[in-house]
Structure formats: structure tokens, C-alpha cells
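In this document, chain identifiers A, B and C correspond to the written order of the chains, with residue numbering beginning at 1 in each.
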Amino acid sequence: MIEKWAIRQRALDRYLALALLCLFAIAWVTPLAIVALSSMKTPREQSQSGILALPENAAMILDNIASASELSGIGNGILSSLIYAFVGSVTAVIAASSAAYSIAMLKIRFPFFWFLIIYSGTIFPFQMYLMPLFGLYQTVGLYDTRFGMLLFYSAITVPFCIFVFRNYFIGMQGEVIEAASLDGASSFQTYLRIVLPMAKAPALFLFVTQFSWIWNDFLFGQVLAKSDDVRPVMTSLAMLSGTYGKGSIPQQMAGALTASIPTLILFFALQKHFMQGIILNTAGE
Amino acid sequence: MNGNKNALLPRLMALLLIPALLLGGSIAAQDDPVVIDWANDAAWHEAGQDAVSEASLGATGIGVNTVIFSSTDSYQAAVRGALPTDDAFPLFDWWFGYRMKDLVDAGLLADVTDIWQKHIDNGGYPASMMGSFGFDGRAYGLPKMINYWVVFYNKHVFAEHSLEVPTSWDGLMAVAETLKSNGVTPFGLDVVGCRWCSFIWFEEMMVRVDPALYQSVMTGETAYNDPQVIAIMEQWRDLLDAGYFSQPGDFADNWAEPFVNGSIGMFLIGDWYTASLARAGFVAGEDYGIFVMPGITEAGNRSLIIEGRPLLLAENSPQRDVALEFADYFMSVEAQTIWAETSDINSPNLLAPEETRPGHLVDLANAVANGEYELYTRYWEATPPQIVEQVVDLLGQFVIDPASLQTTMDGAEQIAQDYWASAGGE
Amino acid sequence: MRAGGLPDTNQVSTEPLSDKVLVTPLDRASLYAPTRAKALFRKIEPYLYLLPALLLVGGLLLYSVAHTLAISFTDWDLITPPRFVGLQNYIDAIRDPTFTRSFSNTLVWTGGSLLLPVGGGLLLAVILERIPGQRVLKTLIYLPAILSTTVVAAIWSYVYTNNGVLNETLRWVGLDALARPWLVWAPTNTLAMIVAASWRALGPSMVLFLVGLQTIPPELIEAAKIDGAGERLLFWRIKLPLLRPITAIVVIMSVIGSFMTFDLVWVMTQGGPGRSSETLAVTMYRQAFIMWRMGYAGAVAVILSAIVIVFSISYLRATLKRSTL
């Protein structure tokens, strides 16, 4: 009797929790609705109707996207940003995973020191990189080049990656060394054939997050480059906003929505690999 | 060490390039168009600059490539960072008055006095205007835009409550009272999303009561906590206490919105607000109008706050001479007409045809040209930025907590004293 | 470090004798050079893996850090040559009363981010793990993470205005007393912005925790359940300890992130009103790009980094005992 009641109670609890979670999820996405609804309005409608009021004509979003991309010249930036975000994050993942491999699994002296050196790239406020890099880039001729942008984006994303990989590899140590010694593989073969495939999940997770970071950067894109075909997409898009900007609020929102599409697609495409695939180092202790 | 090593490569390359340039340059100079960079932080100027560039290519063979920075801070950083080097942007927008002083002092700006002189002699510009664009009789900037600070009022709101444009301070207060009692906020003022906006009413109240006092505070001769200044601040405080202003936190970062939807009736701001309103779909003359705020005293009746946006030329840019040639063209009636027409602004060139200017701004410009107003430089540029940048924070604090008037002004005076003491010492 | 270095004569004596016996000196050069090179290569090979990361980080980021460190001892406005002032900037920074406020605001940010994105992420991960429809919920919660800070700030400005989404909702529910100007007064403005930042940061930390939870061997959980452990005990005794490597990442990144808090504050309040919501990173930015005191800003940046690095090292040492520390 009591047991049955307990079971029913537990089921009730579960539904209650679920209901609460749903409520939470609705509250969670409400701010997103602001973006979506605003992007479907005319500038005047945006000012005169409530922020969560439904748009008069949802198809307005197409006009807004069209005018946003025309005003900001977003087209130039998309290709550059795709290159930066893709190549930059792949470079960072490779450089960081190989460094973390060396730090966590190979015999080097002062591994923690090397780790700190590379990791210290994250502990410095990003805005302080602006002026030294601006000066350096102008002196060495990297200013306003795609290569320069790519170098920067790779460098800035390495430290976070190395942190995740190191923690992951330290947990993997035992298995890898075992597998490798059975094969008689060289250290490079071990890295390529054993370590990397095993690290597929964190690598994909890092790829997605660092891709988003690079894709969303506008500050460095603005200071380290000046021409339309070198500057990244967010720098172009930012021209719409602000007091001195070109665009209306609906155009800004439509632009922001459009610009999130690539990161959104990437997240959905890779989500199941890193959400379920990571066999994590629980042996890190 | 790093720097030297790094500099070697570009230097070697430059050495190799010199003969090529000497050979090619002499031939190319005549025929090929030259395109130089023109940097600014106002994206909405791009179309206007592009149009001028096209015309200039035809007239002088010099075109400009507009480089937009959407963040004002990093714009200034990039310009300042490059100015001492030969990578400096040859043409760039800046702020006038004290905001260009350190660049002039460091010898980084090209002298444009001759260009000014030529166009003043043509009758294009009033001679008095040149002074705001330089120091000690020399000019270092050209007028890209001249803006006046006026009250924008929502015509629909005024019509609904049968209000007329006020011609006296009492009239303005009556309008404010009517609006307030009908649930409309009389004046919009945002000090949360906009850090610097707190100075708008400070400078306006000062010039409406005692413009001479305003100027002597700017030069450090009168203290911020001088009893006369405090008395003016108290008048502003009374307006805040009367509920004539929007509440702090009323606005999201969009100023056009509350004005367009009629929740505020009036907005005191630079006349460039016209462009923001146009983007929100609000039409001048039809939806809104402008007026100069009436004086609180007789002396304050003729005051008008002016803001100039200068075009500067980098002394160190290898393209300096080309930039000078372009700047000369930019001052011309032809270029000014194109620039003002595409940008929906009022050209400072007196000879620019009237029909190309926005109607509501022309009347004001003509009134200024006829000497109906005394012009006072905007607070932002009227006194050293080291003072301004700190005082605006204090004034912002005052707006959200009007009771802190005395501490605000004491604090401001402390900042000013510290600055003038150290500037005097150097 | 040179890979093709000269043969080292001292090395010869350390080689096994048997190898030396059968070959003439002439042969030796041709036979052993590759071997010795190989030995050398084997020695330096592990370091080669570090090279790309070191070059990228060292050449760009650490170069900038060193540059800033040097500048922090000078007075520099970008347009006139830097002037050496010794420790003056550090002294000025610490003595400035707003430095103390920025510092305490930064600590509030740190605490807030440990509570919301880290604690909240962990809680959500534990709840979502055993609830139907978790895929949809996970995705919804992750969604804000794909937006840029500027957009997040713009959205939340609309949420927080006096007649914004939040206050209207509160009034609609009948909680009028709670409605207030969210961005005007300290410390409410900082707390409000922490919520906005967490909205974006919660998703990724939740995902990391979920990933960690899935790797806990089910046998362990089963065994504990058989032993009669309740949910609460299970969480504190089994799940939390086993999540430690993940927790380390999330905690450290969140602490660093909150110490560097800048974008969101700069867009939403610019540290105001009256500098009441300034964080250390905002103070630094303000000195660098508003006041043009690059040296002063550099000093603040150095202090900021020093705090973070001391925290990171001690935290890493405490949590990951048996690693290659």
C-alpha cells in the first residue's frame, strides 16, 4: 500500500519537475523571441508596438534580412569568417591536442610549466591584446591580411583547447600507453592513430565552441583589418547598430539572426557526437 | 629586439620596391586614379563618402576608400596607434576643440589653414568658423559636419494636447506640465545606456542661464562648485524632481523608440538625431519638428550649442599631399552638395544650394548665418577630455540621485583642479 | 634545440661497447650519425609537439603580454613616446577608490558565475539526465550560447527597461513589489547583468556536466543503489567526486571569464551609472581606450592576470592531485 503510494508520488514528482522544467524552458527562450519578433517588424512598428507583440506581417523578415545584408555588405565577411572560423579552430584543435599529448603522455621536462605557458594565453584580458598586436601586425606586414587574422584566431583559441585536452589526456594515459606499446607504434603514430580518434568527442566539442567564438568576434576583426574582404562578418554586421549605425532595430535583429545560422547548423550537426560520445577521464584524480 | 628583427623584412621589401615605384610612379601619377583611405566611426556616412569619392575621381583623379569602425573606442585606438607611423590613415574623422588638441600638440596633423583661407575668400565659409578647428590661428581640421543641439518635439503628441512650440522658458515649462499631467514624459534623457548623455542638460542649463559662466567653467577659471553654478544645477534638479524627465532605466539602447512611440514628448539632442529618426521611419516636418530651447535669462536666449565633426589629415601619411588635394575638393560647393544631399545633413558651405538641404535644418542654419545665435562649443569638446570623461560619470550619478548635487559638483571640481594643476605643471 | 647539430664526441663513450668494436672510424660516421641523430630526435621529439601551440601563443599572445608588462611601467598615450614612471601606475591603480569598487564587483561576478552557470549547469545536468524529452530541453538551454555578446546585451536591455519584459511579467503575475529599474542601482545592476551573462553561459557548462555524467560507469551507480544510497547521497558521494576533472574545467573557465567580464557590461551600462557597475576589465578598458593611459591600463591588466594565475595554479593543484603537476 505504502509502496504503491510512494511509486505514484514519485511519478507525480517527476511530472511536476517536468512541468517546472518546461516553464523554465519557456522563460529561457522568451528573450530569443524578442530577436525573432523584432526581426519581423517594420522600424516604425518596432517602436510603436510592444516588444513581444506579434508582427503585422511576418514576411517583413525577408525584407529586413535583404536590407541588413545590403547595408552592412555582409556578403564579403561571410566567406572570410567561414575560413577564419573553420581553419582557425581546426588549427587550434590540432596544435592544442598535440601539445597536450606531449604534456600529458610523453616524457618532457617540466610539463606543468609548458602547460602554464600555453594556458596563460587565456588569463590575460583580451582587450589588452589589441594595441600590441596592432603595432606588431603593422610592423611585420600582417595588418589587414587574411593570414594575419587566421594566425590570431588560431592563437587565441589554443589556450582553452589545451586545457580541455590536457585534462582529458591525463585520464586516458593508461589505456593509450598500453595500446601503443602492444602495437610498437612510434609516438607520432600513437598520436595520430590512437590519441586523436579517442579524443574525437572533446575535439568536436572544442571545434564547435571555438568556431562560434571566432565567428562572433568583431573587435579584433575591426582593429587588425580594414578592408571589406579581410574583415570578418560580425565587424560588417556591427555597422548596423549603435547611434552612428546604419540600420534600424529590426534590421539589426534580422542580421543577427542570419549571422547565427552557421553556428546553429554546426551545433545541430555535431551535437550528438559530443553530447553522447565523450568517454571522459574520471581517473583524473 | 623583436621589433627590430621584425621590421627588417618589410624594410628590405620596401627597398626593392623603391626603384619599381620610381619607374612606375612617374608615369602612373598622371593617369591612374589614386585611392586613399578615409576612416570614420559613423557607418551612416559611408554612402555620402562614396558619392563624394566618385565625383572627386572625375574632378581630381583622387578617390577615397571608406574604412568604417563601428566601435568608437577601437576606432580611436586604431587611428591613434597608427598616427605616429607612416601607416596612418591619410584622412579621418575626429572631434573638434580639445579632443584634437593632443594630436595637434604632438605634431601629427597636417596644417590646413591655406585650404580654409581659400574657401573663406570664396565666400563658402564664415571666417569665424575656422577658429574651432584649430589653435593659435592655424587650422588642422576641416568641417565635415556642423551640428546644433536643439529640442526635437513629437508633432503628434503636441497636436493631441493642443500644444504650440514654446517661445519662452515659462512657455516651455507650461508645455512640460501639460505633457506630464497627461501621462507623457516631457523630456527624454538616458544616463544608463548612454554614459555621456548626462552632460546634455548640464551644458544646456548653463548656456540658457549664463553662457559666460559656462565658458569660464570650461577654461577652469570658475569652479564647478561655484555658488552660481550650483544655483543653475539646482534649477535642473527642480526639473528632475518635478518629474519632467524620463526615469533612469526607461530606455533600451534605442533612443528613437520612446520618441517615435510618443511616450516622451521632447528630446534635447544634436541635430544628427534626424538620421536616427529617419531610420526609425519618422519624417521631419510631418512627424516631428525642432526648436531652440528658450533662454531662462535674457542672456541665455541667444545661445546655441555647436558640435563640429572635423575631417583631419595625418601629417605622417605618405599620401599627405594627395589628401590635401582631396580635402580642398571636399570643401568645394560641388563636393559639399553631393555629400550633404546623400547623407541627409546640412552642409556648412554657405554656397551649397538650399534645395539640397533638409528643410528643418536650413532655417536654423540661416538663422545662425544671420548672427541670431551665439555659438558655444559642446561640453564634450569644450574642456579637456580628461575632465569630461570623469565628470560625465558624476553627472550620471546626479541624474539618478538628484540629492547628491553638492557632492557631484565638489567631485567635479576636484577632478578639474587635479587636471589643471598637472597640466599647468608640465 | 637544433635538430641537425654537430656530433657530440662525449656521447661516444656512453654508447655500448659492443657496438664500437666491429667498425672502423670511417664506417662509424656513416653508420652512427643517423642513429645518433635518431637518438637526439627521440629526445627532442616530444617537444616538437609543443611547437605549433608555443609559436602561436608565444608569438602573438605572450608577445602582447610582455609588451603590456613593459608598458605598465610607463606613461603612454599612443601618440607620444612612452615615458618611464616605475611603479607609479600600480600605485595609482591600487589607491584609486574605484579600483576597490571594480574589484568587489568583479568578485560578485565571480561568485555569481560560480552559482549560476556552474552550479546551475550542474543541477540542470543532474535533473535532465533522468527526464524524458531531455534532448529538446538541452538544445533550448544551449541555444543562447550561439549568439554574440552584443546581441545578448541588446536583448537583455529590452528585458530590463522599466517597462520591459521582466517588469511587465512581474506586474502581470502580481509581484509588483519586485518590479524595479534593473540597471540603475548597485548592486542590482551587476546582479542583473550576471543573470544575462549566465543565460548565455549556462548551456555550455550544462553540456560539459552532462557529458561527464554519462561517463560515470553505471555499475558504480547500481552498486551504490543496492547499498541503499539515496539520490542525495549518490550525488555527493559518487557523482560529484567523479565529475571532478570536468568541474575543474568549468570552474576555472568560469572564474577566468568573470574576471575578464567586459563586453556585456560595456554594452549595457558602460560600467555606470556613476561607475557603479564597473568591473576590473572595464576599468582597464576605460583607462586604455577612453583616458588613453595605456600604462595604467597595462598595470590593471597585469594585476588582473596575476590574481587569475595564482587562483588557477592553486585550484589545479588542489583538485587534480595525481596529475603531472
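Assume a contact is a pair of C-beta atoms (placed from the backbone, for glycine too) under 8 Å apart; a residue touches a chain by one contact, two chains touch by 3 or more.
All figures in this text were calculated on a predicted structure; none of them were measured in a lab.
Peer 1: With chains as vertices and touches as edges, which is it: line, ring, star, complete or other?
Peer 2: complete
Peer 1: Higher C-beta contact count, A-C or A-B?
Peer 2: Looking at A-C and A-B side by side, A-C shows more C-beta contacts.
Peer 1: Indicate the whole-number Å distance between the mean C-alpha point of chain B and the mean C-alpha point of chain C.
Peer 2: Spacing between the chain centres: roughly 40 Å.
Peer 1: Roughly how far is chain A from chain C, centre to centre by C-alpha average, rounded to an integer in Å?
Peer 2: Whole-Å distance between the two chain centres: 14.
Peer 1: So, what's the distance in Å between the C-alpha centres of chain B and chain A?
Peer 2: Between these chains, centre-to-centre, one finds 38 Å.
Peer 1: Residues of chain C that touch two or more other chains: which are they?
Peer 2: Correct list: 63, 78, 154, 158, 164, 285, 288-289.
Peer 1: Return the residues of chain B touching two or more other chains; collapse runs of consecutive numbers into ranges.
Peer 2: As it turns out, chain B has residues touching two or more other chains at 74, 77, 81.
Peer 1: Listing for chain A: what residues touch at least two other chains?
Peer 2: 131, 135-136, 218, 238, 241
Peer 1: Enumerate the contact residues on chain A facing chain C in the complex.
Peer 2: 14, 17-18, 21, 25, 28-32, 34-35, 51-52, 91-92, 94-96, 98-99, 101-104, 106-108, 111-112, 114, 116-129, 131-133, 135-136, 151-152, 154-156, 158-160, 162-164, 167-168, 170-171, 187-188, 191, 201, 205, 209, 212, 216, 218, 234, 238, 241, 252-253, 256, 259-260, 263-264, 267-268, 271, 274-276, 278-282, 284-285
Peer 1: Spell out the part of chain C that touches chain A in their complex, as residue ranges.
Peer 2: 45-50, 52-54, 56-65, 67-68, 78, 127-128, 131-133, 137-151, 154-156, 158-159, 164-165, 199, 204, 207-208, 210-212, 214-217, 241-242, 244-246, 248-249, 252-253, 256, 260, 262, 281, 284-285, 288-289, 294, 297-298, 301, 304-305, 308-309, 312-313, 320-325
Peer 1: For the complex, which residues does chain A have touching chain B?
Peer 2: So the residues of chain A touching chain B come out as 42-44, 46-48, 130-131, 134-136, 138-141, 143, 218-219, 222-223, 226-227, 235, 238-249.
Peer 1: Taking the complex as given, what residues does chain B use to touch chain C?
Peer 2: 2, 73-74, 76-77, 80-81, 83-84, 102-103, 106, 108, 191-193, 195, 247-253, 386, 389, 393-394, 396-397, 399-400
Peer 1: If you look only at chain B, which of its residues touch chain A in the complex?
Peer 2: Chain B reaches chain A through residues 3, 6-7, 9-10, 13, 37, 39, 41-44, 46, 67-72, 74, 77-78, 81-82, 85, 87, 254-257, 260-261, 276, 279-282.
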